[in-house]
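Residue numbering begins at 1 within each chain, and the chains themselves are lettered A, B, C and D in the order written.
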Amino acid sequence: MVTVTVWNEYRHEKEDDEVAAVYPDGIHATIAEGLREAGYDVQTATLDEPEHGLTESVLDDTDVLAWWGHKAHDEVEDAIVDRVVDRVRDGMGLLVLHSGHYSKPFKRLMGTTCSLKWRESGEKERVWVVEPGHPIADGLPESFEVPRAEMYGERFDIPAPDDLVFTSWFEGGEVFRSGCCYTRGKGRVFYFRPGHETYPIYEQEEVRTVLDNAVAWAAPGDGPAPYFGNAEPIEDLD
Amino acid sequence: MVTVTVWNEYRHEKEDDEVAAVYPDGIHATIAEGLREAGYDVQTATLDEPEHGLTESVLDDTDVLAWWGHKAHDEVEDAIVDRVVDRVRDGMGLLVLHSGHYSKPFKRLMGTTCSLKWRESGEKERVWVVEPGHPIADGLPESFEVPRAEMYGERFDIPAPDDLVFTSWFEGGEVFRSGCCYTRGKGRVFYFRPGHETYPIYEQEEVRTVLDNAVAWAAPGDGPAPYFGNAEPIEDLD
Amino acid sequence: MVTVTVWNEYRHEKEDDEVAAVYPDGIHATIAEGLREAGYDVQTATLDEPEHGLTESVLDDTDVLAWWGHKAHDEVEDAIVDRVVDRVRDGMGLLVLHSGHYSKPFKRLMGTTCSLKWRESGEKERVWVVEPGHPIADGLPESFEVPRAEMYGERFDIPAPDDLVFTSWFEGGEVFRSGCCYTRGKGRVFYFRPGHETYPIYEQEEVRTVLDNAVAWAAPGDGPAPYFGNAEPIEDLD
Amino acid sequence: MVTVTVWNEYRHEKEDDEVAAVYPDGIHATIAEGLREAGYDVQTATLDEPEHGLTESVLDDTDVLAWWGHKAHDEVEDAIVDRVVDRVRDGMGLLVLHSGHYSKPFKRLMGTTCSLKWRESGEKERVWVVEPGHPIADGLPESFEVPRAEMYGERFDIPAPDDLVFTSWFEGGEVFRSGCCYTRGKGRVFYFRPGHETYPIYEQEEVRTVLDNAVAWAAPGDGPAPYFGNAEPIEDLD
């Protein structure tokens, strides 16, 4: 069974009543609930736990790591970031959610600033499937609406995605590449835009379908572990 | 100097007063005017000329071919389509404009249906630059508006572009990958969405900048002409 | 269960004793045997059957079509090519094997000539995994040898693959992109180079692993069936 | 005129007589000579200069930075790496040469380990053009040989290139993606494999053609400088 660890910064929920009303047990609990219903073996981890909850032992039991952070990206210790990034390169899947675009692991894996535009006006978002044959689009309609969303707008400063699955339309006039697939080393990385802390977006059926599909897509395979370094001498080759 | 041939179906302008009022000398004349101002050597060709104006001799003098068609795609003879497609594979650049998405050469080069959604409501389009480092974005603002446009909406059934330069937002709720780069053989193909026959879009400054840049980008280089077929035997290789 | 149809031209085996000695029941039988052992529900079809064995009813029962052809590409009727291509665009997976690079369906889906260099010298091929995290590389070593192979060399005139999984090295001095993934419409297409009619390559374990993985990768999903055509008017959108 | 800064670690040449015999004035001098002959305005910079020769003022005068390093990657100060990486994201071109695959700027921009296999046996390399329509292939034959080279072999742990221009074949049995294009932010990055310190590879005509083309390709354009941060409120948009 595929194992998932849902990581959450878990600060907004403890400091802001509006957020606590939407996600009383933390965003991670709501995300984890959806993934458990989808049949995954799910654990959670948060910033204020020792080693941010991402010990070697926890990561040993993690096929796919989902990451939600926003206001405390800088408090994530570099040693833990190194650990996460190394795991991805070795094959662990990584789902980067919404404001996680500015998280240290995502910026490290992308090599870019991952900057964008934003606006908190509670406007409507329409998520369009631009690649209906991609496994992350399974079971979705060709578009779905997030009734109230924080807007993220282009230019999103990322490398061109290996696969672009979703593009969002916003009421205020912006567009955004909102479902982006990458491979880094042996690991697969999926960025998914919807999911603000003040809206119950992670309870929305289509969003849960996307996360379910993304875990399946990002789960590690059984490909070769390449050898790096000095190759065998030529005389042994034939 | 880079030579451009602007091809136009040239039927709407002769049959529809509304179109004739916007493009009295044909859409091709307006596009050609813009490219001449940009410094290119430009000729035009239209459907009802012999060989659709695309004789071998005309194509011998064509670095980049721009293609506008809409209501008479089926009247383009297959032999001329073969000729155009072969030229592209040999290095000729091809700009496919607006309703040219359904033209025979574009469908042949893409391998897909090139279908999409459309709506003629005169709504506003915002064209966002998603890849500001791409040469086709030179000299542009990060977005520009087409005040009244026919809407084209996703799913646009194309192969994932090699480079996605623009994405459009529409007032009615749709998005569209509106600037798409491909390589086919040695030739470069650029699809650009804006440009309906009932709006003076090809007179708009930003649109002219895009077409200028696209010609420069698509112009053939001096890369090797690969040999295909039986390779030299091994004994000759060392 | 995923259903596979293995299509073979089936001419070499009947006309050439050397080929018949290697593939006495036809290349399709050997490929089908490997896929059955991998757990798929497999049927076969050949050129000389009515409708080349690819009736609508057979294709209704086909999740993934594997295609082997070489000397009789031109005898495949265009109506059947249309049918296969339409099915791929609607989601059917397609595996194109070895000399199938020149088949009508592959050329139609690629939009290029699909030309290459070749040499029949029985030389050694080394297939290198360049993308070890790709599902088609599951269970493989980081390289494997085909002891005697027909050489295919670059330039391979294809669109740049969406994913490049394998690159081959040949004794005589050539390289080749030998495992290439594409999406066309909702369908996934995988080109795999090894597999000449005079060598028992389809009995080789690593090759069977690749075909097994490729079927799993190319099998259709459950993504949305996009609507194409006139979109709903704006007034209905809000 | 496009300005180029050629950066070299410049240690091998001072410490090793064999290297000094090949590159008496340093590898940077030979590379710079080739680029000056191609018509560029070229300056050089080396590790042991203050700020490694890459002051803000030098970078203000740099359209494209070429980077050669090998044994002292770790001595490059992080503050200078930050500076270089920020410049690339803002549009400066970067050519990463041979053993520069392990340089800090390249690893930071790729997000991967950039590991590979190597072997110093003085074997023959054949560089094949796999994308003959790419501007970096202008003026080249479809393949060329480097008579004696250090081998680099796959798996090369990089993100899949946006454009793969060259693939190398090695006498000993390996292949390598040896010409790889990326965009990071507004900047273009080109990795080019050939170029070991003990062989006069940077005097070879085809290699000089590649570097000439790569500078032209990587030179910054005039695309928009996107705004990042809080977007204008909705009420101002219409």
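Operating definition for what follows: contacts are C-beta pairs under 8 Å (C-beta built on N, C-alpha and C of every residue); 3 or more make two chains touch, one makes a residue touch a chain.
Computed from a predicted model, the values in this text were never measured in an experiment.
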item: Any chain in contact with chain C as well as chain D; value: A, B
item: Chain hops separating chain C from chain A, counting only touching neighbours; value: 1
item: Between the pairs A-D and B-D, the one where more C-beta pairs touch; value: A-D
item: Identity of the chain that, by mean CA position, is farthest from chain C; value: D
item: Approximate Å spacing (C-alpha centroids) for the pair chain B, chain D; value: 33
item: Interchain centroid distance [CA atoms averaged], chain A/chain B, Å; value: 36
item: Sequence positions of chain A contacting 2 or more other chains; value: 129, 131-132, 142, 153-155, 160, 162-163, 173-174, 183, 185, 226-227
item: Contact set on chain C toward chain D in their complex; value: 126, 128-132, 142, 153-156, 160, 163-164, 167-170, 173-175, 177
item: Residues on chain A engaged by chain C in the complex (per definition of touch); value: 91, 129, 131-135, 137-142, 162-163, 183, 185-188, 220-227
item: Interface residues, chain B side, partner chain C - complex; value: 85, 89, 108-113, 115-119, 121, 123, 151, 153-155, 157, 159-160, 162, 171-174, 182-185, 226-234, 237-238
